[in-house]
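Got some structures for you, see below.
Shared chain: chain A. Partners: chain B in the first complex, chain C in the second.
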Partner chain A sequence: MNDRTQHEGMDLVAKAIAGWLKGFILLFGVYLVLHSHETPGGGFAGGIIIACAFILFTLAEGQHAGMKLLSKHAAAKLASVGALIFLGAAIASACRKGALGADHAGILLFLEKNAMSLYDLALALVVSMLIYVVFSVTSAVHVTVKDGQRKMFRQRRT
Partner chain B sequence: MSLLAVLLVLMIIGAIIAIETTNLLSSIVCVGAVGFLISIAFLFMGAPDLAITQLVVEALCLIILIRATINRDLTSVTGDREFFGLTVTVAMVLVCLIAGVKVFEDFPAFGQTVMDRMADTPSSVYLAHGTEQTGARNVITALILGYRNYDALGQVAVIFCAVIGALAILRRPAKKDQKAKDSEADAV
Partner chain C sequence: MENALPFFVAIPLGAAFFIPLVSLTLKWVPDLLANAVMAVLAAMAFLTIGQAGFYHMGGWGTHLGIDLRLDGLTTLMLVTINTIGLAMAIFSVQYMTKYTSKLRYYSLFLCLIAGLNGIVLTGDLFNLYIFMEIVAISSYALVAFGCEHDELEAAFKYAVLGTVASAFILIGIALLYAMLGTLNMAEMAVKLAAGGMNMPLTVALGLFLCGFGLKAALVPFHAWLPDAHPAAPAPVSAMLSGVVIKTAGIYVLSRLIFNVFTVQLVPDLFSILRLFGVVSMIVGGILALGQWDMKRLLAYSSISQIGYIVVGLGLGTPLGLTGALFHMLNHSVFKSLLFLNAGAVEYATGSRDLRHLGGLSRNLPFTANMSLLGSMAISGIPPFNGFWSKLIIVLACIESGHPWLALAAVAMSLVTLVAVLKMLKRAFYEEHKPLTVHATEVPVLMRAAMLLLATLCVVLALLVLTGLRTPFLIAPAVDALSTWAGTAPGQGMGI
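Here is the complex of A and B:
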């Protein structure tokens, strides 16, 4: 297990190309999120593409560089912020329209006009950070077989 | 329509290979192929939104699954099938197939939804008034994040609770346990 943590990441070519590409992938994800009310795509797909940029960086540069860029717990906190934005926007617009009022659109829509981008931003934040958390958790666990028994190990930080 | 049939046949072949092969990595690659074919099928049925989402999720799942299986000592599955279990499985699949054929006879034609038979359906209202009521030119977004926003809220809640719960279960153990784990790992 020790030799696996020493040579981190992939070779020089992969690192260089990932360094060039990750910005463009991030930009495309943000574009999909911000233009979701006009073009195909949306918060979910855009969020996963944003997560793909981080995952590409983590795969190329190794787990510790990826954790230094965005740690698991920071990602979970950002996802919580996104979920709270979604919930807050929903509650705020439901309160303002009157959820049980005569205007039945209040309970069905619970949105202001042109509030799509806010929901999409929140959705993209939640999805991208949670997918990154899933990736970092699954790539941090080893399964080894010893004496016919499967054992699960966590990768150590050092 | 014939193209869709070709895609469906390819998907079924890929799924069968994914089940039958003993190598874990090639099984994952076959599952990924099925997913990409589904996204092409969505594209030809006129659903670019779904196609983008399916493509992206499939690529990401492929990365995560390959990352989780490669470099592991556990890359192939061996062992014979039990005769009784196989027989029960085949019988259940046959029963489901017969029931499915009966159900499909009552379905509306391909591309004709049940909602379209009624006069004043929700879907036609959404299509007619979606743009001015929600301010989104993309009808899919107007539906998902407008009329069906409770649905989206529930989805966000589900994925959030699932991943945060998994993170809590798979977290690093406390300091005292960590020492024991480390010595155990060093022994291997």
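Here is the complex of A and C:
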């Protein structure tokens, strides 16, 4: 196990390039989210790209380094925060205008002058973190066949 | 009351996403929050009785936006979903300790509740599809919850067949939208009544029959159910068998058939439904006889009971609808109770194989009595609720001139009795087996959940005191099915 942890991930070239690239990819994702209201794509595309930065890092450096950077639990919590922002915005607009989601200008687009809506921020948070959680869960669990019975195993975090 | 409608979806969704935020540090949060949410929802559901109304999401009108719609049938479904859900939440507190992650379980469970409430509330066909996918995806994950060989296999099978059903339904919705230009179900009904049927609409109806038939596990489409329902943890099995197949299958099917495609348009539809129903009733009942896994036996019997409901719907008369909806309510109560009993037996002994069980009535007297009560209710022994709903269905069969259907219903009731008596005898009343000698009675909250459902089994029988043809809670639902969106109630509907 320890032997594997030290030599985890890809070789030096991949690690070096991924280390350089991840910042730029993250930056581009954040740029897309910040301009989400006025560009095609928006929160969803930005969220995917942010998730890609984390996934690239995890692929290059190995799972334990990736988990150290952003653990599954932290990512799941951030995704939950994103989902709760949606709900909060809906309920806040129900309080102001009487119906869920009715306060389009007031709550949902309160950052409209900055070209980003709360909606897109929440969407980016949910999408990026959920994609990362799905990636890390599916890569961390493997199914093995033992005595004709399939069983799921989880890798231990170090 | 209209302003409270979106909160049937918003409260469980909010709680589902709140639980992962805090529960890694505060272990008591999931139990408490899920039970509190379910108690609030159940109370809200009872407050909707006798109410009706609309809620326009975002303040947009019916033509532009999404409606939530409350009528008699919605009220009936809301009461069923949230009451059974409350019992399951109470049961889960102690039962789920044998699984590893309560946090994920309750999150998924609350998502399931949110989706179910959404299905029955929405008046928009595409939103209905989305809520149905929420239900489907959370139930795939819940079926796989044990992460063992059987669970994974069952969940995979369920996911594949569920996705096939969803694809059918989505194509059907697309066809309807292409032909009618609206997704609002009430507007669809008006346009259909004005324009009549044509080929694409008939194809859409066929796709809906297959898709929702798969969701409801009617017999040619039932292959996933006997694997998926036993594999899940007991409260989830109870939710799936008791509520999900009825909400995602029967409820939507009856809404579409009676409210959107009204009967005058498709006269042969009812004979198809009756055929599906009677085949499900017979095949499910007979297959249940041969099972040795307690939950699998109950799952097959669910198919049979769904057959009763569909036969009732297929009669198309008001009495038939009353019987079908009453049986839907009753079946969700006693089937949930029986699944909880199976879960309690598994909790106490570690097995639900009837060949390795026996004599449990001496170790688990409470569970044994609850099982006896649930079994009597499901096989239609008076005075329990199952007797009255089956009686209404049989009477409706005779009244509308289908004596053979009535005979089949009575005969399959006997077969159900044989199946559950086999379960009772093997599990509770024979000699002790090595596995069952040291079993002890299950914890108090699990017993409380069973007691709640058993009480309902007796109380629901009292509904017939308000009139065999117009039981309380059921009659408004029948009215909603016969007169929706201004369409006339079908007279002698295609019989």
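Some observations on this one:
The rule we apply is simple: the second predicted complex is superposed on the first by the 124 of 158 C-alpha atoms of A that agree within 3 Å, B and C clash if a C-alpha of one lies under 4 Å from a C-alpha of the other, contacts with A are read in each partner's own complex, and residues count from 1 in each chain.
Here is the rule we go by: a residue touches a chain if its C-beta (ideal position, glycine included) is under 8 Å from a C-beta of that chain, and two chains touch if they have at least 3 such contacts.
All figures in this text were calculated on a predicted structure; none of them were measured in a lab.
Contact with both chain B and chain C is seen for A:L87 once the two complexes are overlaid on the shared chain. In the superposed three-chain model, the partner touching more residues of chain A is B, compared with the other of chain B and chain C. Contacts of A:K77 after superposition: chain C is touched, whereas chain B is not reached.
In the superposition on chain A, A:K22 contacts neither chain B nor chain C. Overlap of the chain B and chain C interfaces on chain A comprises residues 76, 80, 83, 87, 90, 143, 150-151.
By the touch criterion given at the top, residues 73, 76-77, 80-81, 83-84, 87, 90-91, 94, 97-102, 104, 143, 149-152 of chain A touch chain C in their complex.
Those residues of chain A that touch chain B in the shared complex are 1, 4, 32, 36-45, 48-49, 51-52, 55, 59, 72, 76, 79-80, 83, 86-87, 90, 105, 108-111, 113-116, 119-120, 122-123, 126-127, 130-131, 133-135, 137-139, 141-146, 150-151, 153-154, 156. The part of chain C that touches chain A in the complex is made up of residues 6, 10, 13-14, 17-18, 20-21, 24, 55-59, 147-149, 152-153. Residues of chain B touching chain A in their complex: 48-49, 51-53, 56-57, 59-60, 63-64, 67-68, 71-74, 133-138, 140-142, 144-147, 149-150, 152-153, 156-157, 159-160, 163-164, 166-167, 170, 172, 181-182, 185, 188.
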